[in-house]
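Both of the next two complexes hold chain A, though its partner changes from chain B to chain C.
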Partner chain A sequence: MVLKNRAKYAYFFITPFFLAYITFTLFPILYSFYLSFTELDPLGGTIKFVKFNNYIRLFTSGFFLQSFLNTLAIWIISIVPQLTLAMVLSLLLQAKWIRGRRLFRSIFYFPNLVTPVTIGVLFGMLFSHPGGAINNILLMLNLTKEAVHFENSPILSRMVIGLAICWQNFGYNILFFTAGLNSISSTIYEAAEIDGANAWQKATKITLPLMRPILIYVMITSVIGGLQMFDVSKMVFTDVPGDRTTTMVQYMYESAFERWQISFGASVSYGIFLIIAVLSLLSYRVVSGNPAPRLHKHQTIGGGN
Partner chain B sequence: MEQTNLVLHDRNRLKEHSIATILFRKYSVRLVGMLFLLTVAASAFFPFYTMLISSSHDNYAIMNTVTLVPGTSFLRNYARLTENLNIWRGFRNSAFIATVSTTLNLYITALTAYAFSKFSFKGKSFLFGIILFSIMIPGQVGTIGFYKQMSDMKLINSYLPLILPHMANCFGVFFFRQYLNATLPDEIIEASLMDGCKELTIFHWVVLPMMVPALVTQGVLAFIGNWNSYLMPLIIIREGRKMTLPVLIATVKSANVADFGAQYVGILISVIPLLVIFSFASNMLMDKITAGDALKG
Partner chain C sequence: MKKILSILLVLVLVSSTVFAAGTQETAAPAKPQELSGTFTWWTFFDQAPFLKEQFEAAYPNIKVNLEMFGGNEYQTKLMTTIMSGQGVPDLMDLEEGYVYKFIESDKFADLSKLGGDALVKDYYSWAVAMGRDSKGVLKGICDNVSPVAFWYIRSAMQQWLGTSNDVEIAAKLSDWDKILTVARDVKAKSNGTVFLLPNLGEMVKVEGYSITPFVRDGKFNIDPAWYNVIKLMRTLHSEGLVANLGSWSGEWATAWNSGKLLIRVMPSWDFFADWKVNTGNVGVAKPPKNSYEGGTYRAIYADSNQKALAMEFLKFMTSAQFQTANLEKNNQMPANRSVTLALSKTYSAERFGGQNLLATYDAISSNIKDITPDKYTRRAQNLFSKYAQEGVRNGLSDEQIMANLKKALKDEYPEILGL
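== the complex of A and B ==
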């Protein structure tokens, strides 16, 4: 009885949240959309409506396409070793004979908490030319005759950035994979053992299919987060020939806040949004569309809220 | 069929081997596994180690040799760094912004989550749907609009645009609602109401104390996320003395051109607070993820 008529308090409690949400989340998104159809004079502050001009420039100039290809290349270079390493290590850390499990997981996870800007600057210094720590080691071991100029090569500089991002995130993925592995009931393994399955068969026929929901979650968050890369990729190198490491968000930042074409920057942000939406759906299809058996159909992520 | 054949084959093979061979295989697998783990752990630690060691060497040693043990130039490097870059002011600015916005974030978010968890009201599922949907929206979409809006409101160079938006943390509401659904029985609220407590009093003295574990984990993560953020402070703060630590760290290269020693000290200073937080919150943070809070749905 006393619980009746409490609704007004609920509205009172959620009001600050939704006020902030409308002002600082929803409005900026819509305002960006509006701005992307205008031309803004940064000095005079006058706004002129220019229809699709910004989008036509976005998709025909080639710079946005290049930044997309750069982002995709760096993302692939980082995501493949990142997920492979995370999967192998989380399987290995499940083994009964491993000592110091938590310590290992902590060491692998810590880079994920470090300021991304710091990671970028640090990797830029390690791989700098001349005098970077990596070059000093390569020279000491006689692996190269002269110092490698990582920054000067589009491929090498992308690889260094990919390595930095992989280093930053693989430990975080281990935590997710571990959660997935722990959620698989041990009775399934026991049944398989009784049937005589070996370790490889258990991994490929039980673990991987049952891990699919986690894989979907990790893939989609990696697409959404990874394609917005900015901090690390911006900091590692500053002078790569042909700007081959300029990512999409960096292109947005430079358009809006270095060249002060704010409206064009807004159209870049919607271009990025479109690409991320398409690629998330695509990766969802790829990871979930495999015809391998699914033992737990009800086991989906984020379902049943 | 194929699988059974494989299994039989495997069993026959096992019979052929002596106990010694089986033991040898078992321990060599363990040895390789352990070596692999140690190699990855060493590689993961390598960048930190280099940073730590290099920060105490002079530029000649950093540039020309492989340094493995600490040197004696730390204080000189530190002096040159602080001459060019007021890193501690950035440190204080970041600490201030992160503390205030995390506190505000936790309070508002917990209040909202409580309403979604323990009240029934019109439009509840629709509003909660909006919150869930927002978690998936890439953050950069609103960046330009946010900047223009703040510049229209004359809030460039103010800390308000870096603090107030954190009141609307959609993931936080989702996380706290899950926590309250699982841990706070309706009976406690009912009993408090019978005793004549006011609604806000119940939230402050019954609900919040019960949420402490969730508040701490979410708080630490929110604090770190805020402490690390770069793009927003970069576009909002244009005045040097108001800049946050990441923005200053981003300029460490240009402020100390070709001065590796000073640069290493700079990034070392930016890692230390995270290391301190991690050293006593690591298990809690990892448990938050491994318990599958984000996955239970």
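== the complex of A and C ==
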């Protein structure tokens, strides 16, 4: 009886969350899905059902495909050094001979506290042509004869944006890697040492395999977050030839909130959702070496058999 | 009996019309002090408080509830508020870049029906045309205009062109052939350290409103004059006659303020001059073509119950009193040509070396074509500028440049015909 009453209270306590979730998350998700099959005139207030027209427009638009490739390219440019740097620094900061490890971790985390818009403006100024700080340094050191026009080059402009995202996020990933490293019991390393394992063997045979759950998490969140990139890429450069730095979310934003093609913008959102879902599953398979996550009949959510 | 009744009815109607008209003609307009109430005005414009202050001083019993919003959020907030129909302001500021998206809607009052035509009768006609929807209905009114001119540093022009006089400079740069000659000359004399023009995109700003827009009545068309712009860009690029400094960039402003870049093509509201260094040393010359960039239009919400007060505000904003004060305080060029003409007889701007800016800007503004832009006009122009510059740099043919423009326009606005 007491348990039944307690269950009632539980419903009472979780109700505000579900009300907020339904109002501000679930309803907009479902409504935008509905909108993606319509043509909404925002000021006229008229709404017309257009079947799959928006999706046909989306998937036949070379610009959306281009924005997907741009996003993927910038994401790859940023994620590879980002995770490598985070892992190397995490391993280094595990070494007991390094003094001030906490201070270093804090310093590495600082860029993550800066807003993406600020980072975008900052990198835009650093790499501007011809008088940005980077060009001044390159010219001072005689590394180039004339100022480099980073914005005018699709490859360089993507690299600059990738660098900005990497700089912003590597400290964040250090947190996860450090937590993962700390969770590995020292007894495993001690046992390996007794068996004669060297540092490389310990890293590849113990650390990395046991870090896999953390790697999976970091990879999947990186795919989701990375493919949603918007602020930094929009702010660093504004006029890259061939729109080579326009990301998918930027394309959606411009459609929905600059041209006010809200219904088409909704279909772009679902296109992005589909792409992120597929790539997240793919990255899970690559990192875990397993097929897509699926609960077996004899498994429970708690994880036990 | 029926006949008598009909005659009586006609008499009643005619007499009531006559008396009503008589009443309208004889009734004295209410004095500003006699009007009272409150209305809400939304804007993105940082000079709006000056107008509010001036208006409230002239109309002491009317309170303006001014709300300012920054950046792109303003447009989003405005759109979503109008969509919801809740808390919509009585008066709204609409920037040139998106005014056409809004005024096509019947959510905005027909200002002609509220007496708007009388307010703009002395305006530059293109400035009125910008406030009309595609059916020609007046939906927005501005208080200032933004004609585009060649901004220069007097000492630099004296050094490289031998004169700092705006009329003489305008004569030396009165067509593109002359401009090319001067650009070559400056580059040669300075050993490539000083440039006349900043980048290839500046041509579009000058030519933009002298050429028929790419999209008219929903159809895509290419005025052959656009090809001349590409041709000009090719010459400037191949001979290295531009400084390749992006408009509005820090380097662009620095180069101009230091005399390394002689001309910036900017509207009258330019804010990149370093007045600490260059007060009295700035000049403005008429370009070969007449054009504008920017504009703030005020529109009244159709369902507002404060339309009369909002119209009174527009009346004040269009008056000689305010437009003169706005010129003195903010260097904003009056949209009312009669104000410009009256003041231009004796006007001189200290910061501009005593130049009669009004005379210069009137020569531009009075020659701008009356093109009522639509939601495609500025966007198509910007896309053309982008693809033409890219194409010229990468050696694309005219046809490839236009094909890229069409492709981009089709992606953004698939409803345009002829793409």
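In this section, the second predicted complex is superposed on the first by the 282 of 305 C-alpha atoms of A that agree within 3 Å, B and C clash if a C-alpha of one lies under 4 Å from a C-alpha of the other, contacts with A are read in each partner's own complex, and residues count from 1 in each chain.
In this section, contacts are C-beta pairs under 8 Å (C-beta built on N, C-alpha and C of every residue); 3 or more make two chains touch, one makes a residue touch a chain.
What you see is a predicted model; the values in this text were computed from it and never measured.
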Superposition on chain A - do chain B and chain C clash or fit: clash
Chain B versus chain C as contact partner of A:L89, first or second or both or neither: first
First, second, both or neither for A:S106, with chain B first and chain C second: first
Chain B versus chain C as contact partner of A:G242, first or second or both or neither: second
First (chain B), second (chain C), both or neither touched by A:W260: second
More chain A residues in contact [chain B versus chain C]: B
Partner chain in contact with A:P116 - chain B first, chain C second, else both or neither: first
Contacts of A:I214 with chain B and chain C, given as first, second, both or neither: first
Partner chain(s) touched by A:M125 [first = chain B, second = chain C, both, neither]: both
Which of chain B and chain C A:L30 touches, first, second, both or neither: first
Stretch in clash, chain C with chain B, out of 45-53, 63-71 or 369-377: 63-71
Interface residues of chain A shared between complexes with chain B and chain C: 125, 130-131, 257
Contact footprint of chain B on chain A as seen in their complex: 2-3, 6-7, 9-11, 13-14, 16-18, 20-21, 23-25, 27-35, 40, 85, 88-89, 92-93, 95, 97-98, 102, 104-111, 113-118, 121-126, 130-131, 133, 136-137, 140, 167, 171-172, 175-176, 178-180, 182-183, 195-198, 201, 205, 213-214, 217, 224, 227-228, 230-231, 234-235, 238, 249, 252-253, 256-257, 262, 265-266, 269-270, 272-273, 276, 300-305
Complex interface listing, chain C residues touching chain A: 72, 75-76, 79, 82-83, 101-102, 104-107, 244-246, 249-251, 254, 386, 390, 393-394, 407-408, 411-414
Interfacial residue positions of chain A with respect to chain C in the complex: 42-45, 57, 61-63, 125, 128-131, 149, 151-152, 239, 241-242, 255, 257-260
Chain B residues touching chain A - in the complex, by the definition given at the top: 3, 6-8, 10-11, 30, 33-34, 36-37, 40-41, 44-45, 47, 50-51, 54, 62-66, 108-109, 111-112, 114-116, 119-122, 124, 127-128, 132, 134, 136-149, 161, 164-165, 167-168, 170, 173, 189-190, 193-194, 199, 203, 224, 227-228, 230-231, 234-235, 245-247, 249-250, 252-253, 260, 263-264, 267, 270-271, 274-275, 277-278, 282-283, 285-286, 289-292, 294-295, 297
